[in-house]
Amino acid sequence: MADNFLEAYGKETSRDVGTRTMNYFRELFSLEMPLGRMMKMMPGMIKFATASKDTREDLFKFMPQMMPMMKQAFTGKKEE
Amino acid sequence: MLEQVKDWDDDFYEKFKPIAMGFVNEAEKCLQCGKCTGQCPAAAVTPSYNPRKIIRDLVNGNLKRVLSSVELWQCFFCSGCFSVCPMDINFPFFVFMFRLAAMNEGYGWEDVKQLEGYAEKDYLRKGITVSTFERNPEVVETIGDISKIRMEAGLPPERKVSDRGLAEINMISDLSGMTSFMKKIGGVELLDCKTCNDEQAKRCKTKPLPSKVGKIKTKLRFYNYGEPGGKAHAEA
Amino acid sequence: MSKKTLVIGGGIAGITAAQKIAQNGGEVILIEKEAELGGNFAKLAFTFPVLGDAKALVAKEIDAVKSAAGVEILTYTTLQSCQGSAGDFTVELKSASGTRSENVAAIIVAAGFHYMEPTAYTEYSYGRSKNVVTSLEFEKMAAENRLPQGKARVVFVHCVGSRDKAKGYRYCSKICCSYSAKHAIMMKKANPQSLNYVFYIDIRALGKGYEEFIRSAMEEYNVRYIRGRVAKVIENEGKLIVRAEDSLIGNPVEVEADLVVLASAMEPPEGSRELAQVLGIATDEYGFFQETEANVRPVNSSKPGIFLAGSCTQPMEIAASVAMGGLAASEALTLIK
Amino acid sequence: MPRLDKVTQIPKPEQIFFFKSCVASNKYPGIESCGWESLKILGVEPVDSDEQTCCGGFVTFANVAAPTASMPAVARNLSLAEEKNLDTCVLCNGCWTFLNEFGHFMNHNEEVKASVNMMMNMMGREYKGTSNVYHIAEMFYRLKDDIAKNVKRPLKGVKVATHYGCHYLGGGKYTAIDDAQMPTYMEELIEILGGTVVPYTANRECCGTGFTQIINGKDLSLEHTQHKLDSVQEADPDLLIVQCPYCHSQLDRVQQQLNYRQGANYQTPVIHIAQLIGLGLGLPVPKLAFAAHISGRQRLEEVLDRIGR
Amino acid sequence: MRLRIVEDGVRTTVEQAIHKSLTACLQCSKCGGGCAHTEEFDLTPRQVVESLLDCQDDKVLNSRTIWLCGKNCTGCQAVCPVGLPLNEINAVLREEALARGIEPKYQQPSLVYHKFEHCAKHRGEGEASESIFRGEA
């Protein structure tokens, strides 16, 4: 009964699968904001800003909050 | 081929618990008492589905078996197992998390593909997951015009989410990675009867699964926890 | 200074302790909050693992303690207060006629246990269906010859309240496996036509003769043991539908039963925490009395001069209670002499 | 038996944020209109916002959406109620569990809350976690005295069976107002309205939607629903009451599927608890929107004839 | 598929043939662990005994195990702590199955999951498939 999936995976052990799964979830649930992730967010924010006037205003209100985060993402250091 | 215990990732569960943000916990307390399976609606219709065995495999770290199984996709999400569990193991959350893991391994995309419309056409475009359009192909008869009934009931003819609301959920979708996730699902190629030509029909007979998901190769799933049963299977 | 010993609780542990002290020339006050001595033991019909007549056995012990010189038995009596230290306690005993003060050298707490009321187990229809009973009610039914007649199916459910974090206690009640086997045998003996099913998680039969006793239920009395915790008991037109998983096969199963017996957990006696407060001794997280050292000082409470005996410390079987009563008596005697 | 300590914790507010359900709006509009009107009659004014979207539970648990999208979606919907300083009233078991559980999770996990709030701030919102989520059935049970005072159309002689669904009682076994295995609050409401409660064996069983099984694993889903419907059929109620629009949709539509495919004859009208209360409180028939129901319409008409239109 | 536990079935026949009570089984799994055929079995020898005790006659008689069990191999019997002759049990079950007209089964069914549901042609329900696209905006 065990044949099917053991054959499908070949030489890979559950340990390999476990590591892969763990890396996937680690990335998925990460709360950090590295540059790559920040850049991925940009198109969404631009889309939001162009949706209407009040959305743009709200986003601009957020800008001062965002600057230190951008800085941190670029330099990779946490600002004190 | 026999299963090798040395293959198992025995400390997977311990390492995974802190990452899973509290959704996956308490399984180490499992008594293997079978109370969950005793009341499970899915187990009552197909004998191979068994929450107890899946929990056992997750704690043991036999991930290959869990992730490549069809059984992982047969859960009804009814929370009945959680409601009777003497150790408060919230098994539906396990299923939810490990379905994601299985998708990462390339399993189950064809199931998810069938639900794509709910997210793409309804949730993101209209803000409402279930629209007036019937997405369940099995429903034989529907009530034609719901807007008339809505008006009779004193409601506006159509429930509309404001543009602002739509812009906001679309931004959430973009920022949280849902959009890129949806793109992956969009890459799944399902052989569709509407556009099916002879060559595809032939392929469909021998290889009924989508061939690839973007860059991920979609894999076949197996009944890893026993032979399937149920009424439908008996007929086939 | 007094040479008396106070024994709280007239169950088998308390009776044994009182007897042993009296046999060695000590004086004992045995208090019991109920009308009769005998405790939970007196409510049983049979003992296990040897099927003996429980009522006769306990009656013999009660007679012995009643006739022993130097034992004063006070029923309907509870402990009101307790002051002093080892060798010199002043206790106030409260009964219907009023309170009385006594001076004692040692105190033996043998408050016994209580069968948990499985009212939280609504999935087992307890309280809703009259055919779902606890093991204690089953003993009563057996004594009154009210067991189901004819080709009846009886289901015994283990671990109701034990090994259950959500609705009961995390500990194992130790004796349920054995007494459920005993009940199944009683059922089969009373009604040979009956079909008996026991749903278990593991069989915990430690000690001399226990494993053999449970195997005999399976082999000689043809009781079906199914591994799996019962998930649901649904009442339907006078029958009970019992749903569980046969986890040795991996399939969910269903049994249509006429009677469901829940092996309810042993829990600390009612008011154990209050009693502990009055005596000034410690209890564990569940309300059982805490011993100073589990292995070599099982009868010493956290206060010198107060000794523990029987199932008020942990779930235990009759033989162990008797042994503990004896040990508590000998510890008490050292304070008197 | 309902846990009275939990019931008394539910406030009797003057206003409540009315969180609409997607199935209720687009498939069974009677649920939405009845919930709205009944709350009004009972002295709670529902407040709507056209910015509210679906709770997002379906797409999350169907694995179509990345799970990271679920928390901001919940926070956004709850922040709408928070802006108005109101508690939230939902119509659906799924919405209840999803908003409740994930809101609870964010309240107890500051890191996640902060990261969600960053996204909220971008659109000029903030999630504080002050809005409690109540199911409309809970609200009705809390307001049962007011219901008893306002019964205009007693359900005399109407046999009613209940289906509680899974996610309210099972998923929220510590937060729901009743016991997960043997709930009785809907029965009490039915008795207040003058109906007769019909018990049946499969009461606490899942409706069989199985979240996505109805699309992906039809065989399992339909077989299970058939078990359930067989049991209902045996008891032969005039009405089957649900408290979740998704169960409603499953039990209503599968009857007709099974009739069509297997030649069965299931004809039990399924209605939502809000519609039942609306019926009892004497709402006009078009407001109940029974025209949207598929199975057992004839029987529904008979019931209406019996108790007066 | 919820099994219903009912009265005695083929179990009595087996017990009479082997002159031993099946209740002696400890469910220790020693038999399956040492068996050369375990991988091909749908029910392990232990499960055969358990199913017989549960009176799941159909399940046992329709299983492949009873046909795949080596007829002269006594591996399981040799290690069984209570000495149950499992190969004899299977022989009795084979006879019983033949008497009931159940065909021998050897082939393991495919456990690969094929999904045809998205394709109405495979279900032969063309008219239902129409409804999928009806009204799509």
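All chains are identified by letter, namely A, B, C, D and E, in their written order; residue positions are counted from 1 within each chain.
Convention: a residue touches a chain if its C-beta (ideal position, glycine included) is under 8 Å from a C-beta of that chain, and two chains touch if they have at least 3 such contacts.
In this text, all values refer to a predicted model and were calculated from it rather than measured experimentally.
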Number of hops, subunit A to subunit C, where each hop joins two touching chains: 2
Remotest chain, subunit C as reference, centres from CA atoms: A
Remotest chain, subunit E as reference, centres from CA atoms: A
Rounded Å distance, subunit A centre to subunit D centre (Cα mean): 35
Intercentroid distance (Cα basis), subunit E paired with subunit A, Å: 49
For subunit B paired with subunit E, centre-to-centre distance based on mean C-alpha positions, whole Å: 30
Contacts with two or more other chains, residues of subunit B listed in rising order: 1-2, 21, 43-47, 84, 100, 111, 114, 138-140, 164, 168, 171, 173, 175, 177, 180, 220, 222, 224, 226, 230
Residues of subunit C touching at least two other chains: 123, 227, 232, 243, 246, 251-253
Junction residues of subunit D, two or more chains touched: 66-68, 112, 122-123, 180-181, 216, 218
Subunit A-touching residues of subunit E, taken from the complex the two chains share: 39, 42, 108, 111-112
Subunit A - residues contacting subunit E, complex: 1-4
Subunit C partner contacts - residues on subunit B that touch it in the complex: 29, 31-40, 43-44, 47, 50, 52-53, 84-88, 225-226
Residues of subunit A defined as touching subunit D within the complex: 28-29, 31, 45, 48, 55, 57-59, 61-62, 65
Subunit E to subunit C touching residues, read off their complex: 1-5, 7, 21, 23-24, 27, 43, 46-47, 50-51, 53-54, 56
